[in-house]
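Below are structures written as structure tokens.
The same chain A turns up in both complexes below, where it pairs with chain B and then with chain C.
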Partner chain A sequence: MAPSLCAICKTERAYIKRPKNHAKLCRECFIRVFEDEIHHTITSSKLFYPGEKVAIGASGGKDSTVLASVLKTLNERHGYGLDLVLLSIDEGITGYRDDSLQTVKNNAVQYGMPLTIVGYKELYDWTMDEVVQTIGKKGNCTYCGVFRRQALDRGAKMLGIKHVVTGHNADDVAETVMMNLLRADLSRLSRSTSIVTGDNRSEVKRSKPLKYAYEKEIVLYAFHKKLEYFSTECIYSPEAFRGSARGLIKQLEKVRPSAILDIVRSGEDMARLVPGESPSSCGCKGQKAQAPVAAAVEEGIGGCGSTNGRTPGGEMAALDKQLRENEEYAELEVDVTKTILKPKQGEKETQKELPIRTASAPSKGGRQVLGQCKRCGYMSSQEICQACTLLEGLNKNRPQIQI
Partner chain B sequence: MAPEPETMPISVDFLGGLDTLFSNKTSHTISLPLLNPSDSSPANVGFLISYLVKHHLKHPRTEFFVQGDGHLTPGILVLINEADWELEGEEECELKAGDKVVFVSTMHGG
Partner chain C sequence: MTREVTPYAYCFTKFINTKSVKQLGILGKETKPPIIPNPSGSGPPQIGTRRYLLGLSLGVSSTCLLQLLHENCQFQLSKGRPAPFELTVVHIYNDTFTTPSTAESLLLPHKTRYPTFTFLSHPLSSSLTLPSIDWPSFLSALSLPPPNIISLLTRHILLSLTLSTSSQALLLGHSTTAIAELTLSQTAKGRGFSLPWTINDGLLSLPNLSQPVLVFHPLRDILRKELVEFTKLTAPPLTGLIPDVEKRNNPEAHQVLNHKDLSIEEVMTRYFADVERSYPSVVANVARTSARLVRIFDEDRKGCGLCGMPMDGEGDERWRGELGEGDVGDEEGETEEGERRRREGRRWLCYGCQRSALG
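Here is the complex of A and B:
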């Protein structure tokens, strides 16, 4: 097969076929286009302001490594004036995180960015190794996910930083849209599609500059720029539910690569229909003065999203909890079939008065109100935040110290 | 005794966590038969994949590399001499001695 030429420069040989539009590009043009699109996302959504101090949530994996590299490049090329630092979380997983943290340390030197590592042990007095020893592998991703969210906030606060960027890519967002559709979680659907989460009252806002970047292109960017990243699967079983959503997304991409961005856009459109939520999409559509933000506290409960789904994990536990909560709301709903069914003959059914949903009744899809956890003081939509609730359970079950 | 089939050296790299399926080794040099014995057609990437599965995949979870139908699991990128295999005809791309094939999983997070 004769090699094709790059569709942009028309001189170099094409090495990349872009999933979003099938364009065939050479290495240099691909890298440039990839960076230009992230720049477009950043400027059209007005993600940053000059002089802003931004922490990059860095795991050593491909996404955060590419994010750090691209942000450094764009910050210098376009004069964003950002003060970029790396913020890593040490979950305390021997043989996994200690290895990937080495990658982050190397990145810190290569990119000339200061690195801060905050550990679950210092924050919660538990390592994930200890959590798994206590509760087993099943469901441990829920703990890890809840702890990590808060750990990133607390790490940023320690550094006096109000903005954390994460490496979530288009595939991740599409996957989350599918998961939230499957479990009919409207408010999380809305939050997960927002490019910025956390509002003015929350102390730390988060954003996903790679939200419209294909995972395939992130991997190819890392490959052709020869970026060093860590790609070992977490040793504690990833979650089956996210795993199957991920498999589905990858199958769809194989059939029609644009499906991924289509799902992201559909998620944004559906999120707009959720009452009380204000989702954002690529700012170039609306050119609003400021990136709209959606309240987010526990977005992405249940782990890291690194998967191949082996055993049912935290997602299923969370889903189960959600379903039980739904049952509580079920009595507020009017079952139409019941009103039509006539009582059987001779049966003196005392017709129960059907409860009618009023305007003041709690609405599941509504906006969650951000407050503070009464125990630890960090932002939470409940009296006691999820992290503290999980810690309480853990501490009750801490194995007796052997003498 | 049947004569040994003629082979060619192919360099194969497994990245993005796929090395764990292939003896925890990233770089391999494979002696690939010049012809696919099933139909005597010139060796292509599809044949390389089935050859790797048969002779080098030493892990019970083969579905992380190939699906039941023998095709590569979606989410794995293939680069042939650094070019996306989608530009080279995917499984139909014929290989020659010294070619470098890279398999990169995109599925592993951080």
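Here is the complex of A and C:
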């Protein structure tokens, strides 16, 4: 059989079968198509404006390395006029982060981009190694994820940058959609699918230009462009990423390669069906310059590169347990509001009745009100943000450990 | 009652019964009995009996629902009250593989066991004459309906039969597990938008449907494994009515040689069989929550020629860029005819149906 030719240029021999749609392409056309699609994402969602200073959240892994390379290429090719810098977080994990940071340093030289590294140690006075020593290997990803979300923002603020791009890909977003359906979290579902996150009031916005790029294609791109990246998974999450949603998505992808993007599309569409959401389907509708912005607080698509959105079996078991307990408690519930709320003498009976929560009452999707953390000033829906709460717990334990 | 232990048969059947009766009660309130003219020709009109249509796939859930509806009727009759409803049971068979006589014979045991209900078997090909599907444009985009739209066609037929038999509601046997599966499989097929139309109870009105139809899922609070248990506990057991009962009850039991041969539905069934066993509350939670999604319908939007969901032209346009379609060559070796069909399809089909029908 004659070797098949590239479906686009029809002259070169096809080397690559695209995971996204099984089109057979040559190396050059694949690279070009991959870049063109990200250009489409950037322009259709109006992610950047000319002259914008943008920090690329760089971990040294494949996603952020490809993101940096593609943005550099597109910035030059299409004249975005972006001022690109690399921003890395040093969690303080010996044997993992120190090596991957070396990769980022090399990338910084190769791409000619300035690099800033922000450490957990300087921000929180804790390295992840120390956190793990204190709380053990179980559950430490929560700390790392919460700390990282803030660290990127704080790093960007230090540099006077208002836009951080991250390397989240289509597989990550699809996983988050499935995860949020499984844990029945509609408000997170509606937030996590937006390409731009970060409240209008928050000083730093986030976006994911690789949102529609398949993980497999990112690997292919890195391979064919001979990019240098660091592929070791975090040493503290060895079992965590065999998550339920991830396994399911991989199976679905085998059945239908387009499933990943179909899930992302469903997620975007469903976000509009969540009670209280805007019913617009277009990324730019009603927004003249920028794509719609969703609040990023605990949006759930964060965490670390390796456990992102993936749930260890434990979380599912915990959710199941909690739901069961709720069911049991619901049976024991007695409505006491009526007896308590008897008006005092002389007081007018104008008081509002307290809403009685029942299972059938329509929920407003649990929308949170965004404020600021009283301690660190970071945006938070609670009085004290998650990071400060976690730190408080850690610091309480510290003296005991030192003894 | 915890949902894990295998309980005493009497209590368990009672538990299942109570759960379905609760839903049937809601249904009874949502429907009003029809007013019929006085048979004597004069005098005041009379109040008729409610009439429902049940879609029977011959699977576990719909068979259980049939039994539960029967028990409900028998209970009322035993109290000396009139039957609460009349039921037409419809089995849609795929006439590519099954002859009408085979389909008829499949329903024989049901007819014997439930003599008060009316049974019909209906060929899938009857969907070709339905006005609710825009066949001319669909067929110009596609030569043959692919197998993965069969469930859509079945649904169309059931909806239209509900209207043509003057039934007041269409009853579907989906269990909690089935609704959770449907939620995730519709999502995986790019049909997330259609979920509120697919799994919610209530009046379903679609642009292509002559009038709204009340759709109800009375078993939405019962897990599949509980229904499987129930089939063994009725007297006589329901298992005799369900073809391939073992295979249906144990989706994971038979080995998969090639995962590519599975359908998205099969992947979901296997996945949820596992989740249901270990984390039943998670399944219930998915089903409950997805039912909270609301329908948005923009009057100006036309409906998809196949599933009838509102179309989203802008969204689809933007997505073609993300999918890598458009300026990039679509399919390798695609003929002009193929390309024309693809373009035609985009005009008439929603995103999900394009993915199902055109690949």
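Details
The working rule: the second predicted complex is superposed on the first by the 315 of 403 C-alpha atoms of A that agree within 3 Å, B and C clash if a C-alpha of one lies under 4 Å from a C-alpha of the other, contacts with A are read in each partner's own complex, and residues count from 1 in each chain.
Here, a residue touches a chain if its C-beta (ideal position, glycine included) is under 8 Å from a C-beta of that chain, and two chains touch if they have at least 3 such contacts.
Just so we're clear, the structure is a prediction, and the values are computed from it rather than from any experiment.
In the superposed pair of complexes, A:K62 makes contact with chain B only, with no contact to chain C. Residue contacts after overlaying the shared chain place A:K216 against chain B, while chain C stays out of touching range. Of the two partner chains placed around the shared chain by superposition, chain B and chain C are both touched by A:K24.
In the superposition on chain A, A:A184 makes contact with chain C only, while chain B stays out of contact range. Taking chain B and chain C in turn and counting the residues of chain A each one touches, the greater count comes from C. With both structures placed on the common chain, the touch criterion links A:E122 to neither chain B nor chain C. Of the two partner chains, chain C is the only one that A:A259 touches; chain B does not reach it. Touch criterion not met for A:D99: it reaches neither chain B nor chain C.
Once the two complexes are laid over each other on the shared chain, residue contacts for A:F230 go to chain B alone; chain C is not touched. Residue contacts after overlaying the shared chain place A:S4 against chain B and chain C alike.
Common to the chain B-facing and chain C-facing surfaces of chain A are residues 4, 24, 251, 254.
Those residues of chain A that touch chain B in the shared complex are 1, 3-4, 13-17, 24, 59-65, 100, 167, 171, 215-216, 218-220, 223-224, 229-234, 246-247, 250-251, 253-254, 304-308. Within the complex, the chain C residues that touch chain A are 2, 183-184, 186-193, 195-196, 259-260, 262-264, 267, 271, 275, 278-282, 284-286, 288-290, 292-296, 298, 312, 314-315, 318-319, 321-325, 328-329, 331-332, 351-352, 355. Those residues of chain B lying in contact with chain A across their complex are 15-17, 20, 61, 64, 73-75, 77, 79, 82-84, 86-89, 93, 102, 104-110.
Residues of chain A that touch chain C in their complex: 4, 7-8, 18, 20-21, 23-24, 33, 36-37, 40-41, 44, 177-178, 181-186, 212, 244, 248, 251-252, 254-256, 258-259, 261-263, 265-270, 272-275, 279, 281-283, 285, 316-317, 319-320, 323-324, 327, 362-363, 365.
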